[in-house]
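Below you'll find a set of structures to go through.
In what comes next, subunit A is part of two complexes: it sits with subunit B in the first one and with subunit C in the second one.
This part shows the complex of A and B:
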């Protein structure tokens, strides 16, 4: 449907269960999703913009659908910052809005968004990136259960390090917050947080809920009989074992 | 500087420049591209350079000492890794991390021709471009 709307250069809002894409002349100009922090969260959480500065911009420019432009023209943000932040938020929200589980699709012609146009991207690019992101998540760690479950850190193996960004994520993981909630707390895009959680789970630094099977379609004829699930696999240890074995080949 | 496209256009005026892009190293997304890609597809190049940039940005070997230096100065010093340079038989690649005052993970990638490119000049100019992209 998105491709058809792009071909007919449609203007309006594409509504789905997990989010909304806004098109102008068939190009994506904005997207929002309840699952993804908006530009306001990204800018205010880090202290780049005070909440009052954002509210004033919405009050003064929202009616003209030019909030993004106003943030730059009033000296609150620079062009490059606005583009980087807004593009990040658009692709982030589009990832959730276009997910296969996002239900039926409706399109309302002529509907615009109050944020206004910053840097339109082609609908094909948005769709391609969304598919690439889904594949990337499964390539890292094919257990979608970690995307929605509370993030529960596991102790690191001796000498195992997570990197500064993921250490900050682990520090905020209190065993209750889900990846989407952590994204809001940290002021980061939700997809980036999902990806970091999957990387942490693959490294054995975050629990993987046992209920879900791998999402990737299994090989047609397994070379080995299926292995019964292990209650507490020490993934870091298994990885070190594998590396040691490979080093001796 | 007005924005991403103008920044990339300016990078393309450097001697020997063949391609430039602004890439998010966490997701592998190309936020903007100009010129050619070494593999004929900017999105593939973005995903591949992002893997390299992420390794440099996250491994403690590269970041630990730099973060101590920043903490001593008592101000936000920006990303601990400034740039990455890859030289190949055919060209140079310069990856420059962009510092933003909100959470982001972006870098500029400039691909230079080996014969006509000037690596030292490109590194200095790319640092300046990265700064002006967010500071205006």
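This part shows the complex of A and C:
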């Protein structure tokens, strides 16, 4: 549907279960999702902008759909800063808005967003990035359970280090907050938080309290039937197999 | 103050430049690209070089080096790849990625220009 709307250079809002994409002339200018912190959270939580500064910009420029522009023109943000923060928020919300869902997809022609246009991106770029992100998450750790469940830190193995960004995440992971809530508390994009949580899960540094360990999430069914115990293993064959594997790896 | 587009254009005007990208290194997404063409897919380069930066950051943490990476240089047979980590006010981790033709580029000059582009971008 997004591809078709882009082709017909549509302007309006694409409403889906997990978020909304705003298009102008077939290009994506804004996106929102309840799962992803908005530009306001990203800017104010990081301390870049006081909450009052944001509220004033919305009050004064919201009606003209030029909040982004106002933030720059009034000297609160630099041009590049606004663009980068807004693009980050758009791709973040789009990732959730475009996630596979059984719910309905609707398009309301002519609807715009009060934030205003900053830098439109092609619908194709948004789709491509969304697919890349989904694949990246699965490549890091293929169990999606850690995306929605609250996680708690596990003790690090000797010599194991987590970087400053992930230490802040671990400190906020209290077993109650879900990754989406952690993203909001830390003022970071939700996808970045999911990625960090999956990396931490892969490193064994977090677990979901509900099921004890991330490993307990339903594992793929084994492709082979269980092998009956062998009384007399062929040691020489096993050695050859090991050597061949080592030569390959 | 420059926006991302003017910064990328400046990067592309550096002598010997093949392509440049502004990359968010947590997600591996290119926020903007210029040049590249058929030989160098900058979106793939952005994601791949994110792993380079992450590996170096991890190595420094393991060594207990309490310092920051300013830039990373990768020298190929025919190209230079320069990665410049940007200092930002918010908590975005960003880097500028610049691929140069080794025969046409002046490495010292390119590093200097990239530093200047960072200062102008002011994020």
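Definition applied: the second predicted complex is superposed on the first by the 206 of 249 C-alpha atoms of A that agree within 3 Å, B and C clash if a C-alpha of one lies under 4 Å from a C-alpha of the other, contacts with A are read in each partner's own complex, and residues count from 1 in each chain.
We take it that contacts are C-beta pairs under 8 Å (C-beta built on N, C-alpha and C of every residue); 3 or more make two chains touch, one makes a residue touch a chain.
Just so we're clear, the structure is a prediction, and the values are computed from it rather than from any experiment.
*Asks:* Have a look at subunit B and subunit C on subunit A after the superposition and call it: clash or fit.
*Replies:* clash
*Asks:* Output check: A:142 vs subunit B and subunit C. Expected answer is one of first, second, both, neither. What do you get?
*Replies:* So A:142 meets neither subunit B nor subunit C here.
*Asks:* Output check: A:129 vs subunit B and subunit C. Expected answer is one of first, second, both, neither. What do you get?
*Replies:* A:129 contacts both subunit B and subunit C.
*Asks:* Look at A:150 in the shared chain and tell me whether it touches subunit B only, subunit C only, both, or neither; answer first, second, both or neither.
*Replies:* Touch partners of A:150: none, neither subunit B nor subunit C.
*Asks:* Of the two partner chains, subunit B (first) and subunit C (second), which one does A:166 touch, if any: first, second, both, or neither?
*Replies:* Touch partner of A:166: subunit B, not subunit C.
*Asks:* Does the superposition put A:48 against subunit B (first), subunit C (second), both, or neither?
*Replies:* both
*Asks:* Just to be sure I follow: which residues of subunit A are touched by subunit B in one complex and then by subunit C in the other one?
*Replies:* 42-43, 46, 48, 78-81, 83-85, 87-88, 91, 119, 128-129, 132-133, 136, 161, 163, 165, 186-189, 191-192, 195-196
*Asks:* State the interface residues of subunit A toward subunit B in the complex, per the touch definition above.
*Replies:* My answer: residues 42-43, 45-48, 78-85, 87-88, 91, 119, 128-129, 132-133, 136, 161, 163-166, 186-189, 191-192, 195-196.
*Asks:* In their complex, what parts of subunit B are in touch with subunit A?
*Replies:* Those in contact with subunit A are residues 1-4, 7, 22, 24, 26-29, 31-32, 43, 47, 57-60, 63, 67, 80, 98, 100-106, 132-136.
*Asks:* Within their complex, state which residues of subunit A touch subunit C.
*Replies:* Interface residues on the subunit A side: 42-43, 46, 48, 78-81, 83-85, 87-88, 91, 119, 128-129, 132-133, 136, 159, 161, 163, 165, 186-189, 191-192, 195-196.
*Asks:* Where on subunit C is subunit A touching in the complex?
*Replies:* 1-5, 7, 22, 24, 26-29, 31, 43, 47, 57-58, 61-62, 88-94, 121-123
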